[in-house]
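First chain A sits with chain B, and in the next complex the same chain sits with chain C.
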Partner chain A sequence: MTKNKHYWNQYQKEIADDNYFYERSCIRQSFFPGSETTFLKILREELGKTIIDDPNQHTCTGIGYHSDVVPFDTTMTVCARLFSLMKDAGFKNYVPSCVTSFGVFTEVIETWQNFPEELEKTRNFLRKATGREFDIPNNIVHPSDIIYKYRTELKNKMKYQLINQETGKPLKGVEHIGCHYGKIFSKHAVGGAEFPQVLAGMIEEWGGEVVDYPERRHCCGFGFRQYLVMANRGYSVANTKKKFDSMQAYKPDFVLTNCPGCTMFMDRWQYTIAEMEGITYDDKKMGIPVLTYEELAGLLLGYNPWDLGLQLHQIQSESLLNKIGIKYDPKDKFVGKSGTFLGEPNKPEKLIVDYEK
Partner chain B sequence: MTNYYNLLLQDIRFKEGLSACMNCGVCTAICPAAEFYKYDPRQICNIVQTRDNEKIEDLLKSETIWYCGQCMSCKARCPRGNAPALVISVLRKLSQELGFFIESEKGRQQFAIKRSVGDNILKIGYCVHVDTVDPKLHPEQGPVWKWYFENAEELADRMGGNYNKYGPGALRIIGEKNLEEVRKIFELTGGSQLHQNIENFSKEKAKLTNTSIENEGINNEYYLHTYIENSNKHQK
Partner chain C sequence: MKNWGFKISQARIIDLDKANTKMFEDLCLKVPSAKRCIMCGGCSATCTASNHTNFNFRNCNLMFRRGQFEGLAEELDKCMLCGKCKLVCPRGVNTRAIIYNMRIILNKMNYKNIEL
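Then we have the complex of A and B:
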């Protein structure tokens, strides 16, 4: 046991306990704005932490970098500008919302550590272009790391657990970790690339059971240019299909992800597969709900599902809400900020979106 | 004659990504792209390591280097700590610098990506923004996305956003001073030059193929061609 604990210690990472500088994600704020809001709310209101949301921030260029329309020198210098905003704010702990950004920042910092001349070059580029200076963060973690760190404190505040109200058994969750969280530099992932624990730890702590299945670590299929260009999207959907084909036999109640791309693709490609092939992966032909870790934490804390933004997913979540025993107002689902009813989205031809118990 | 290997070496990621590959093939075994496309990252590392100038030029003009999805699974699994995906990224960069990317169907797609993600970064400060994901070009996003796209301010702001307004929050307007600094960084560090290369070589190709192309935006024949064209000759 002691020997095992020693080995597990090698797979841990330092996660700062307060005073964070937050960097928003292009994809997350576009597709799941409620998740970013909920992360800030949980940190500030549930955990009493300080976290800055600087309006001067901008993209890290990650999607452009990995689709090869932004050179590495440019990406390094844009990242350096973001670090200079953190320096201006007087913070040292950097929290990029996006897993692609997290991978970009860890790659950039690793490059600077291995090749100090690249760091000096970047400092000169930034100084010449903007007159700015920057410090390398003391600590760089993904928001899912922070929720994982405080999973027990949050559990103590939760109104619900991941327990099926009808059967009394733990709900079964598939956890999908974004590739760039741990596959580039495993030392930056809780559990490394081999045993990532960041989402599994949340599911288990909050009462659920983690599904292990053959393609658990396979990419969701984003592939950057393989999705951005319509002609390449067969690659993307084929990879998601491979994962769902593999997990189907285990009858998961939900999928939990920590990467904005993965959340979106595992949601949207279920719709596409249903419409093109007539295949759904649950017994009600509604698909398997795919949630961000903030959406799951928010639901269990008792937040309104429609303020979290669950209605922005193509796979509807009522089946999961009912299993957990969460009360919700169906009439509130399609209401906007002003209180106006916005009408309902059109119905897909094959995928069922209206829940009937 | 240009020595392509020496040009590859000028990118620090090439030094990070390739050191004494022993051709074990683990990268190919784990690679999602190798399962879908006629693609073999082991073979690409092998060709580059030979330093054979003609073969490297063939690679730079090929479809092959555009098949990688940059998931970096190869980095996690390589017993030598190499990253074939980084080698691919350096090959792609050189292909665009030399104009070889227009020789392949998949390479020509760089124009579509530059005109969308590349231009978004410099115009609005985001790689992707709700307003840039038009349901007409993204049918896979489904009817919920169309509903959200048409009601973005009401819905995003209900979820705590600050849609197209100044100040902090999701989907806010990024101030001009910030954008100006990002643009200066692009000009100084080669980002703008890369964009110009993609534009110039793509316009040459459009001229050669009698395809209309505009100086800006996505409403032109060449953009749609590079966004949609699929010869279906790429898969296994």
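Then we have the complex of A and C:
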């Protein structure tokens, strides 16, 4: 056992305890608008941590970089400006919300460590462009790492568990980790690229059961180049279909992701597959709900599902809420913060979005 | 039906459990040296037909092994059976005989495209 434990230590990473500088994602706030706010709420109110949400932050260039429209020199300089904001705030632990940003930052820092002349070049670029200086962060982690680190503390505060209220059995969760989290530099992932534990650890700790299916480590299909050009989107949706075809037999209750692209595509492509080929991956023709780790943590902590923004997902999550036993008011689903009814979105032709028991 | 501007791409997977590899076994009975091919492509590099068309013996051999017979007969038609490929093969594979026998097998399977 000791020997095994020793080997597992090689797959661990250092996750800072407190004092984080948060960088928001470009796309998450429009696709899953409740997730980032929920993360900040969990850290500040549930865990009592200090985390800065700087209004001067900006893109990391990730989407442009991986689409070959932003050169790497520009990416390094833009990342350096973000690090300069952290320096101004007096923090040293950098937390990028997006997995692609996380991948970009680790790549940039790895470049600077291996090619110090690139670091000097970037310092000059930033100085000339903005007059700013920056420090390389002491610790760079993804928010899912922090939730993973404090999963037991959060469990103690949770109102619900990932247990099916009707059967008493653990709910089956598919965990899907963004490629840029552990497949670029495996040393920056909890469990490395081979045994990523960051989401599986949450599901198991919170009472659920992780589904191990053949295409578990397959890409979600985003892949930037596969999606951004319309002619290539067939490759993107084919990847997602391959994953869902593979997991369908295990009848998962939900999919948990830590990457904005994965959440987006595993959620929205289920609609596309249903409309194109009439295939849905659950018994009720409603699809398998896809959640971010913040949304899942928020749900189990007892937050209102509509404040978490679950109604903005393509696959509606009432079936999962009922299995967990979460109480919610269906009438509040499309009511805004001001209390006025916002109207319901158009309904798809084949995918069912209205939950009926 | 909505126009999406794209379709779900089909997987380019060759499932060797389902592929028809029996034909390659039959070929090996006729030309045992077929098993020795290492797909180096020396045959294609020296092929006169390859100079004038996109004929590629290495590719045809691989398709036949994997049971991908669609369009193969048309490809094999491009071969003139001159036998230069046989002279350069580092593994002593009787490439000329392979092509001739592949044509016969495909012909029997109604993938016929040439009068033998």
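Assume the second predicted complex is superposed on the first by the 357 of 357 C-alpha atoms of A that agree within 3 Å, B and C clash if a C-alpha of one lies under 4 Å from a C-alpha of the other, contacts with A are read in each partner's own complex, and residues count from 1 in each chain.
Keep this in mind: a contact is a pair of C-beta atoms (placed from the backbone, for glycine too) under 8 Å apart; a residue touches a chain by one contact, two chains touch by 3 or more.
Bear in mind that the values here come from a model prediction, so they are computed numbers and not experimental data.
K.L.:
Going by the contact rule set out at the top, does A:A249 touch chain B (first), chain C (second), both, or neither?
P.N.:
A:A249 contacts neither chain B nor chain C.
K.L.:
Please work out whether A:R24 is in contact with chain B alone, chain C alone, both, or neither, and reply first, second, both or neither.
P.N.:
first
K.L.:
Kindly classify A:T272 by the partners it touches after superposition: chain B alone (first), chain C alone (second), both, or neither?
P.N.:
both
K.L.:
After the superposition on A, what does A:A238 contact: first (chain B), second (chain C), both or neither?
P.N.:
After superposition on chain A, A:A238 lies in contact with both partners, chain B and chain C.
K.L.:
Which partner chains sit in contact with A:G64 here, chain B, chain C, both or neither? Use first/second/both/neither.
P.N.:
first
K.L.:
Quick check on the superposed pair: does A:Q314 touch chain B, chain C, both, or neither? Answer first, second, both or neither.
P.N.:
first
K.L.:
With both structures fitted on chain A, tell me whether chain B or chain C touches more of chain A's residues.
P.N.:
It is B that touches the greater number of chain A residues.
K.L.:
According to the stated criteria, A:M230 is in contact with first (chain B), second (chain C), both, or neither; which is it?
P.N.:
It touches chain B and chain C both.
K.L.:
Kindly classify A:K347 by the partners it touches after superposition: chain B alone (first), chain C alone (second), both, or neither?
P.N.:
After superposition on chain A, A:K347 lies in contact with chain B alone.
K.L.:
Mind sorting out which residues of chain A both chain B and chain C touch, each in its own complex?
P.N.:
Comparing the two interfaces on chain A, one with chain B and one with chain C, the shared residues are 230-235, 237-238, 272.
K.L.:
Which residues, counting only chain C, touch chain A once they are in their complex?
P.N.:
These residues of chain C touch chain A: 2, 4-11.
K.L.:
Across the complex, what residues on chain A touch chain C?
P.N.:
230-235, 237-238, 241-242, 272-273, 275-277
K.L.:
With touch defined as at the start, can you tell me which chain B residues reach chain A in the complex?
P.N.:
11-13, 15-16, 32-33, 36-37, 66, 69-73, 75-76, 83, 89, 92-93, 96, 106, 109-110, 112-114, 116-118, 121, 125-130, 133, 137, 140-148, 151, 153-161, 166-172, 174-175, 177-179, 181-182, 184-191, 194-195, 198, 226-230, 235
K.L.:
For chain A, which residues are in contact with chain B within the complex?
P.N.:
24, 26-30, 33-34, 36-38, 40-41, 53-59, 61-64, 66-74, 76-78, 81, 103, 111, 114-115, 118, 125-126, 128-130, 132, 179-180, 182-184, 186, 193, 218-219, 221-226, 228-235, 237-239, 268-269, 271-272, 306-309, 311-314, 335-338, 340, 342-348
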